[in-house]
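Two complexes are shown next, each including subunit A; its partner changes from subunit B in the first to subunit C in the second.
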Partner chain A sequence: MTNINRRDFLKLIGAGSVGTGAGVLYGEVTKQTVELLIPQVIPPEDYSPGIATWYNTTCGQCSAGCGISVRTREGRAKKIEGNPVHPVNQGRLCSMGQAGLNALYNPDRIRRPLKRNAPGGSFTPISWDEALTTLGRRLGNLKIQGKGNQVTLLSDGVRGHLDKLFATFMQELGSDNYLQYDFAFPNALYKANKILFDIDTLPYYDIKNTNYVLSFGADYLGTWLSPVHYSLAYGHLRQGRGKRRGKCVQIEPRMSLTGANADEWIPAKPGTEGLLAMAIANVIISDDHYRGSDIDDWASAVGSYSPSAVSGQTDITESEIKRIANDFIRHRPALAIAGDNIASGTNAVSNILAINALNYLAGNLNKEGGVIFNKKPSLVQSTQQRHASYIDMMGLRDAMSTGQVDTLIVHNTNPVFNLPNSSRFKEALTKVPYKVSLSSFMDETTDLVDLVLPLNTYLESWGDDIPEPGVGFTTATVLQPVVTPIYDTRSSGDIILTLAHQIGGELPVALPWTNMEDYLKAGWKEIYSGQIANSAFNSFDQFWRKALESGVWGENKTCVPDRKNKTKQVQLNNITIAPEFSGDEKDFPFTLLPYISQTFFDGKGANLPWLQELPDPMTSIVYNSWIELNPATAKKLGIKEGDLINVQSKEGSLQAPAFIFPAIRPDVIAIPIGQGHTQYGRYAKNRGVNPINILESIVDDASNALAWSSTRVKISKTGKHIDLVKTSGVTRTLGRQIFDKPGKHS
Partner chain B sequence: MAKITDKIKEYTRPGYYEKFDYHWTMSIDLDRCTGCGACVVACQAENNLPIVGEKRFKERREMKWLRIERYWEGEYPNLKLKFLPMLCQQCDQAPCETPCPVAATYHNQDGLNTQIYNRCIGTRTCAVYCPYEVRYFNWFTYTWDEPLEQQLNPDVTVREKGVMEKCTFCVQRIRMAKDKAKDDNRRRVKDGEVTPACVQSCASEAMQFGDLNDPNSKVSKMTKNKRAYHVLEELNTKPSVVYLQKVEKHD
Partner chain C sequence: MSISVGDAISSFKIPILMGVMVIFGFGIGYLINYTFFSDRSPVQPINFSHKIHVTDNNIQCMHCHAYVDKTPSAGVPSVKKCMGCHKAIATDKPEIIKLTEYWDKQEPIPWIKVHDVPDFVYFTHKRHIKAGIECQTCHGPIETMARVTRVSSLKMPWCVDCHTEKQVENGRDCVTCHK
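Now for the complex of A and B:
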């Protein structure tokens, strides 16, 4: 009787009074359960038609950890904006973050758990009960047999309590094999900072207050570490301080978005940026700008790198090197940073060490406008150690192909797409007896597994995060669901906790919580109790409510740099500064520069239609991949825009249309990373090429990271032509008054 | 005689008002703008812009009320790439307003160049007259792949085939702020109370939005900057979008 409304009720009464056929009528009226004038007489919490509700949560599109405010109407997410009180992005948000709604409402989301029928067969939908019982039983048996170590968990770079949960779970299962893998993770930067400054976390690069940014390849406005935060800082650096306008210099073989905005763009020979930094250091020492007690060590370390000796190798003139060095010193506080392509060669760590040394020599450490060291996050341990280097991934590959991995659990990461074909990772993966993927989308890795557990997106999950690089003081953000899950999906935390109870034994003792929300609250109780002394809250509930409201919690103090320079005695004598490349220069005349796309990141964003339709900032191309060539190179080879080019490395080849790009060295070609998916939904599938595929498996020995800027290629025409879809027509102003007041310069 | 001069005065000031109630104005500092494109996506999300697909893009039928134009200067290696966010300039003497046969586009009391969708008959004349090329025509009734339509902003119309559309300065947000001011018994909207989606998202804070009639508003101060200029100023369209020149020189 619960579904009967007033009209039906009257009908019923009428039928009763007539006294005949009541049973038939009753049956008829109760069928009409959808005929309701007001859909929800008692609406859910926070639901009032026509009025928007905003939820503060954390962005999950990249690893910067920005805070977001999501506008919801009638229980649906409508718009994502930056959280104004969040210290990282301060109310602003990049295109990827805003396109998070495309992930939430993506038509290609996996909507229920899937099981593979037979090896190589198709998927069948199953219930959550069946999926989790199957997996739980398998893991439980392995644990009882003492083979817990044969379970491997490979996750994306999760932080905070989800990371802690994963770690506890794997530990209780008896496995040491919990790895994180992200293609764009700056292994080399961490390693170099560890060697030079003995720190485990990334420092805070104070672009906001500096006078001179000397960036070696770090695309800090596009993709590097925390682009929204650095964009805010950049705006302030340019026009936020009255007449004091900071200067930006960018040294990189291909102009990035940051290069386009810099005052000077200097295309040094790829891989020799470390040498250039040494030469700059040499000028600083020889021009008597450094007066530290360890000057003799430095003098001997950089003595052989005089500008005249380095000029030929780097393709930068002697006077230019001297000018940069003097500018760097003159404009103090200045900042030297290294990243992206410069930090991904075979000499990545050496390059960064040399570049970081400039900060030391100019006295830019631990002061405003320089490099400020972050305190260790007190909330949850840093997860940097868990991040797998390329060598670690090769270790996993060997373990998988030799049968040491019985069950592989992949969480939200896509190694099949993000590792080169030469790694043979995919072949090894198929040898694992039982593979499970926790993912929202059918990506290349998920397509190969035996059991698919569909995840909530970050907009439907509980969790927390610690921004990395930090902001100078201890802070943490909350991740809360802004809408109820739209499909039969679950969050990673809930899945792991349910599994723990399923497996039994010590696991439910160590993890007694049944859902992520409770686990999270228990974790945040610790923050609360640590803060009681200076707390304005009467109870944990009050504190938690406030944390959910603002979406972020931070220690109520700003960063005060401790004035002492913490640097180990630097010995730059032993670093291998010369780059190595796969393929010799004669057979393979071009250096291939794959670069992280600003729109698709490492390929994660390719299934979001708004990003596919967002013109690439440098070329305005949409919906495709392209190969960037210098006009001189193109002319020499007779290549025109749109000509399909074959790119051949030692490891393989790919074909994509050419784009004549004015700002790239003639001996370099560049291809954006992100497209070239063979799976991953309708917007990404079979579109463009993935340059990672043809990279050779060479690593930077110091950090064990993949040297993805160190592959040489040769190119040839195929005779075919593809029209590139782009929005820019004429790319020159042709005397039109577009950037100036009329009559000023014409 | 006096009547005639009054009429002339009236008709030589398209906009038809002595003074606007508000004079909504946007300033874009090109020295801050990085060309990242966050504003483009913000606009798409806020204003229910369709996902047109690769085929339509190829036919140059993209729908982007706000786009980033890029212009190269110089030759390798001394190159510069300059970015210019281009959106409807909300001209006070708008070339697009006069030719419309049905007055679907007109100037409102707030100085906004508005587009009435259900009055538009799709002659596309306005797009031809617009020197900034910022009017977009719906050649098709675009659909959203289910369930992407759940994201659509209920405060903004979804346009159909045969209708011209363009940037509105997020008129729905202006309307909301005015309503709020009225509810709070305030006569006017405060500076900073209205931020269009693009301005809100801008990471380098290149964009400012506000009322030019308020001499103390942020945007008023920006327009007095000596770098301030209008794009294609010689056309005398009197745009409401003010650009601030990029600083080229450096010691």
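Now for the complex of A and C:
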């Protein structure tokens, strides 16, 4: 054997050591990362790990009141679907409903009560005890001094027992100032229905069984009243009944999702849709299609609105008006509905009255495929209509700025974002000595208050709801917590009940319950005993369990409407059908059409990342605001897609990139509502623009609602450019012959 | 004339020997790691012994792993379950004192996972128990282990071998485990 000298021996030993070290290291890096197996300290009784439990509850993302089923595993909510047995959505759910999980797990949720240190200062976290004691003492003192009326509660449109609880609380406190405010609440529609049909609730629009939907701006597939229900009905109308395929006509200046799905899209001049309806009524009368005893009244009411007289004002030809009128009559049962931008001008109520009159003249009232009146919901004693109109909000503003409001409690609503700058609401709000906000998120209004009480989301709360618009029979849904609260938050009901006990006096007598669950059960006990005759249950507990299990309770029969289809009288004689606009046509040549976004609703959804990244259905744009312009307008002004445009109204200006949109009138520009938050969490903050800001404070006199489609603007280029993020390519075919040779690509 | 390979490589003898030593050392090193520092048998926060519970005291598996025939996971017992017995039994032992400390603080015990499959594998205990597979088939002689040691690789070939051998219906379909 060869001798190995000392030097070589050391080399070999060294090599061996390096090898061993590498081997150990290799073994180490190929190990799996350590994962922990965390047991529960105390096992829950209501689930097994790995097995999904579904809870039925009610969606709180908009006001339609759909039923949802939430899939939970290990006590965490994982997925939201529609509740199949709920009469409103029948197992379906919209994108906003799906995104409810984003609200629950949102990283920007307020996690504990906050107190403002000094006026204009920052917030400090405090305990619930301290927060409720401070507020309770303040309210108690006001009550003792007989100044209960200086407390104002401004809530979102809550219904059912929470509404009743709020009403009782405020009443016992000695205050009449309990208001509800939602930007998208259809004040004008309620008012018009009240005038024409003398009903307080919305009727059921039976799109499912109708033959012809004449929709004036109502985006019933996107945002109007109860879009999931109407989308289902639309599907049935189109394909669900064999050969009798219903026809849809959409009259609106900017094509909505519903317009895109309609057979005809007719862009009448903004605000003149009521005139168009009058002309259609005129044709119905003059062509002898209406035979009622009050025909003479109607004839005189609509006599001056002949198609030839109206055609010039509406931009629709005489023959077109006659054709629509004849179609409407021939396809009975037909349905004329009005909503969204058509129902938010200065002549909103007049417009809706004229459009509703078509249903009357064609005999579509209270029959299948027409307008069916809902019974007043008898389940929960609804106190009164509390939705604040714009004028009511201005009343509140004046009360606040003149010192008549000592304590303002805001619940889940965001008037600072949803009222125009010209309302001066924000300035008045800051003058209130003590402001409290009950909210899950730090929105623009909550950012201004002195005390923040963080709320559970609807997935963590008890409550109930009565869908509005109703579905033709009496029904109610229960809202039950599907998960235990994730943070140190409480539900509105629990907060109010705790406050009642804190304040003392008569309040604990009127509201003896200590939590919302007990209050709710007590209320439903009344429902149970009222229905005991036709009930299949032995006890209330059995009934309550069943209601929680199915998530919805309703009468097992369609209601017989409690009134016949009569109108009080012809109400079309002295209506102001001509629209008014802020700003004259010469200086401000374009009508600004802010529209309710299908993803963000009135701005509430902007903090949910799933909705931020959901492309708008008409433009496919994500993450930003945009201004829709007709190609002809854009060409005339030399504007290209993405050019930053300055939009100037009498009240202010905003800047957003242009989007060339062929389906909009050349004299109209449209901006979606929902973006442009200055607060409201990381996903919403400083993104896009809020068109509500630049609206002028003009109202529809009949309903006192803000006329948010009645502001004129002028536009100019800024010279800057922003690339719009969108999923679609170009809107033109670029010679690809996609449309003219259909056989080639099929 | 003969050609000597030995002569030809003799000048590279030392580098070659060094290479052999590296490979040899690598093997030794890996083996040391595998034998003495293996993740198949991690040291747990509480030195829990299956031997004491199962062999010595004859407690059935499903007394603690109650979900094994009902759900995908066998269910690691809750701290409350442990305390159900150990409020009274062996309360003076150091490991039980540790357990009591967790219970007093109402904190879970951070057990280290010994058996784990990646998230893209759908594995369910329920199905295997229903098919009559013994715990020991995968977990080895767990009733004798003072500290749990993984004896199976839990890699895909190991799964598929067993599915093939037992002729499991759809046992070789991708979607059976990769949903």
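Odds and ends about this structure:
The rule we apply is simple: the second predicted complex is superposed on the first by the 680 of 746 C-alpha atoms of A that agree within 3 Å, B and C clash if a C-alpha of one lies under 4 Å from a C-alpha of the other, contacts with A are read in each partner's own complex, and residues count from 1 in each chain.
The rule we apply is simple: contacts are C-beta pairs under 8 Å (C-beta built on N, C-alpha and C of every residue); 3 or more make two chains touch, one makes a residue touch a chain.
All of these numbers come straight from a predicted model, not from anything done at the bench.
When the two complexes are overlaid on their common chain A, residue A:D129 makes contact with neither subunit B nor subunit C.
In the superposition on chain A, A:D488 contacts neither subunit B nor subunit C. When the two structures are aligned on the shared chain, A:R732 is found in touch with subunit B, with no touch to subunit C. By the touch criterion defined above, A:R245 lies against subunit B but remains apart from subunit C after alignment on the C-alpha atoms of chain A.
Within the superposed three-chain model, A:I51 lies in touch with subunit C and out of touch with subunit B [touch as defined at top]. Once the two complexes are overlaid on the shared chain, A:Y105 sits against subunit B while remaining clear of subunit C. The partner that reaches more residues of subunit A, of the two candidates subunit B and subunit C, is B. Partner subunit C is touched in their complex by these residues of subunit A: 2, 8, 11-13, 15-28, 31-32, 34-43, 48-51. Contact residues of subunit B toward subunit A in the complex are 29-32, 34-38, 40-42, 44-46, 51-52, 54, 57-58, 62, 64, 67-73, 75-77, 79-84, 145-154, 197, 200-206, 229, 231-234, 245-247, 250. Contact residues of subunit A toward subunit B in the complex are 73-74, 76-82, 89, 91-95, 98-99, 101-102, 104-107, 221-222, 227-228, 231-232, 234-236, 238-240, 245, 247, 255, 257-258, 260-261, 263, 265-267, 486, 598-599, 609-611, 613-615, 617-618, 620, 622-624, 630-632, 662-663, 666, 682, 723, 725, 727-728, 731-733, 736-742. Contacts from subunit C toward subunit A in the complex involve residues 13-14, 17-19, 21-34, 37, 39, 42, 67, 70-73, 75-81, 103, 106-113, 116, 124.
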